[in-house]
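By letter and in written order, the chains are A, B, C and D; residue numbering begins at 1 in each of them.
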């Protein structure tokens, strides 16, 4: 039974006001298309979880969909700060934004505990830092072997996780390559999963290389086929990171007015990703094409009858 | 992510032996100094920007065996261009291994395989404790900074930590506003005891490279200026620190960048001068 | 610098009397060649760790190299018991054998804790069973969130782990496909790692598909090139499991005398794996060839300059 | 591994409606009965041997959507032949996903995605508690059995547990020598309370299929014979149990295998009759 849906239907059915939403992907495979659709559908009071809120959450926060961030690194990598988020945090402008803060490994551990149905995940971090004071959910835990104490983080189970990937079949069996971030853990931890892919493939393509599968359709609620849906983030082998946009955003987001104007033009002003891509223009799209192919090569699983 | 922001750079005015000081920028001097400190190291956790250039320069000069680890999950990366972010696709293609962040943080970093981790900082104190979270109170920040990213686990689990940052009264402070990444805590003795009791694998900060000089840590765990960059003065150093500087005697002068080091930076590692102009 | 060594040199340099040794691989990729070399070098007092001791540890125990087993399932899968081990456990014949027993997930958690430098690993297992009584190293641990208690297992850090794989380069960067078991965790947990491969490949083959790498050469001490080194276990895509041998072993191992005769002929009586393969004969080897190819297909990582 | 050993089988003597009882073996009856219990299930953790054949039969008949999970790491396996071990290469080629055991046990099983887990047993008690570790004392065993493998976590984390085993005075016992896998503990009430307090995802054993009949569990958590296989008698049942059997009223008779079920077993699933002769 096919789970292929439009982005509009997938978001309408799976993202509800007040939900904990994770659009994951560490630099790679960040699903801006889903974030924009959530903005267009004017969802409210979301808790947005991501290691690196990145531009996608700066845009969503600016659009007023979120009441809280759960994160570990709040910035525009290599460029600077996230200004819409900082306005809300530093000046409560136009409203305060709740923060729940961990480190990268803490966030990864939280998703891992959520995916594994564990009540906590232990890690060697946070010793002698102010982080457990800033976030009392980071707690010491004593080892049952010897006297050692390490720190624990609680499970994170998003209501919905959005994962962008190179390919999936209609049932949602999903494969990706390049940086994997913690997409797998965030998906297994979630109540509902939306997968957005560059390419819908036949089940046989998935079954030809089962070690490449990150998670099975079993945990997937909707499959959305939306090429270029990760722009200005990137998809390994398909298109490059649009660093120019990451730099441009710094100026756009510095003022509330220019931020809203950008949202009006690029999010509210388009019906969806294909219109966004048209608007971006063929030249910009072409400029993001990799300069050549780097094939993985094929391995043989063998037939055993 | 734990990268420091790209430092604004300025040409160094004074003259020194070797390459004329005016012939390279302060950022280039920082990169070269940091790269040389990597001699003999094997596995390095890379931040983006200056550390990325420094690490790649080291790989091409003093540390040919150096393996680059990016917290995004790439090991043995050979970036074909300078990546803007530490998740750039160029660090993936041709890498030795690309793994999940769970695996990277669990097995590589926490497992003790990383020799050197690079950290940047908004604030650092004399003991190498680092703040990259907030300026002001946590609940009502004057400036909200990025936060830990992987910095706090790098500080605890990397065998040693290198810091690259520009120094100023605002960044070299007597008291940091928030401790994001532990350094030598309140001093070497306490730090060694706590690191051992709590089973940390890392021995903490070992080098701080700034736009003015190179610091190591003395027996008491305090930063000590061991080398002054050509063109920089002790007065500049003292004016840009929130505490009484300890200075090695004799104080070395950092050898200027060699023509080959400068060529590699300018032609190969940062041809657009994004970080080094 | 190449780490390629003969099996003899790799075992001599890395396996010492009294070591904790893990030859892992869940049914798949069990390195019998390394086990046999350990027997030939008459190592003593080893602690042998493996989820499923399988025939390889039955043979090693029969040969007298081990004083202790750490395990989770003690049998000949689909066939029956491991008779040499049972003789020592049930009848102390010819000597007692110490057992330290977990469940599968417990063993996986132990390697994971070892690889991650964690003082324990938590899991939802062992509740209301007699396993924590049989093994007091399985201990309850209270969550720092709410009242829940789960169980913990301690880290397992072998002195040496042996991993069989389809391919590695001379530095030990290793790739495998098919069942992965907990080879990765057991390797990262170990002080020393011996990798045994079907094929030595150029570094470029590894770098063409970095997501397929299970662990880097960084943790590898020796690379041994020993085709058919997993027989009677199997290598996905290269050769089939020799189920006939697994069945035959049941009769061979039932008596101490027949077991020793087998060891004399097939282990002590050959100089190494290539002689063993010759002895096995071309026909038997050919019969284990997969009936056809099942290519994974290639994916594109893209060139980014 | 948690597979039961292949049961030695014997033709059933008595006559019953449907296929003549003499036309199928007791193992075939067990397989067919277990397969039918899988109607409507989605994800099944497969043991090797009889469970493997039962699960594959269910997929071809009453449960076309059934996904097979092997603890060795294969999900959505479509074995082209009957595997001797649960790590056979035939369960890998063409599977939907092949993952590490860490991932399989953490995310699939402990994460609550497995609807039915199959367990075998050397001993079972009236409450479905299972021993697959030792006969006799743990420290001085009369018979050393395989141990838990994944059985103890299957019993705790699979949504429900199916047991397939032959019954005898030695296997259906009043007291098991070692509790490897918890069932209904001392009774349904205590079991429900403990499972809830300790946060188990599984609700425990739901079906026991033997060579003589099919058992479910009543409100008190005890095994109750609900269906007698054609050819088996209540007397045989009572003679092969270490406790007073509870018997449903009215007691059903298991419908005999259909010709199609037998054809699939004999021609496709176990053509060599390794498990079913």
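Keep this in mind: a residue touches a chain if its C-beta (ideal position, glycine included) is under 8 Å from a C-beta of that chain, and two chains touch if they have at least 3 such contacts.
Being a predicted model, the structure only gives us computed values, none of them experimental.
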Contact-richer chain pair [B-C vs C-D]: C-D
Inter-centroid spacing, chain C versus chain A (mean Cα positions, whole Å): 37
Between chain A and chain D, centroid-to-centroid distance (C-alpha), Å: 41
Inter-centroid spacing, chain D versus chain C (mean Cα positions, whole Å): 29
Residues of chain D whose C-beta touches two or more other chains: 74, 88-89, 92-94, 98-99, 106, 110, 157, 199, 201
Junction residues of chain C, two or more chains touched: 112, 117-119, 123-124, 148, 177-178, 180, 184-185, 208, 211, 236, 240, 290, 294, 301-305
Arrangement of touching chains [line / ring / star / complete / other]: other
Which chain pairs touch, all of them: A-B, A-C, A-D, B-C, C-D
Residues on chain C engaged by chain A in the complex (per definition of touch): 117-124, 137, 139-141, 143-146, 148, 150, 152, 154, 166, 177-178, 180, 205, 208-209, 211-212, 236-238, 240, 290-305
Chain B-touching residues of chain A, taken from the complex the two chains share: 26-28, 51-52, 71-75, 77-81, 85-86, 89-90, 101-105, 108, 112, 123-131, 133-134, 148-150, 177-182, 184-185, 234, 236, 240-241, 243, 246, 290, 294
Partner chain C, residues of chain D touching it in the complex: 1-3, 5-6, 48-49, 71-74, 83-89, 92-94, 98-102, 105-106, 109-110, 133, 138, 141-153, 156-157, 178-182, 185, 194, 198-201
Chain D-touching residues of chain A, taken from the complex the two chains share: 112, 115-119, 173, 184-185, 188, 203, 206-208, 210-211, 213, 215-219, 301-305
Residue numbers on chain B that touch chain C, as the complex places them: 42-43, 67, 74-76, 78, 80-81, 88-90, 92-99, 103, 106-107, 110-113, 157, 199, 201
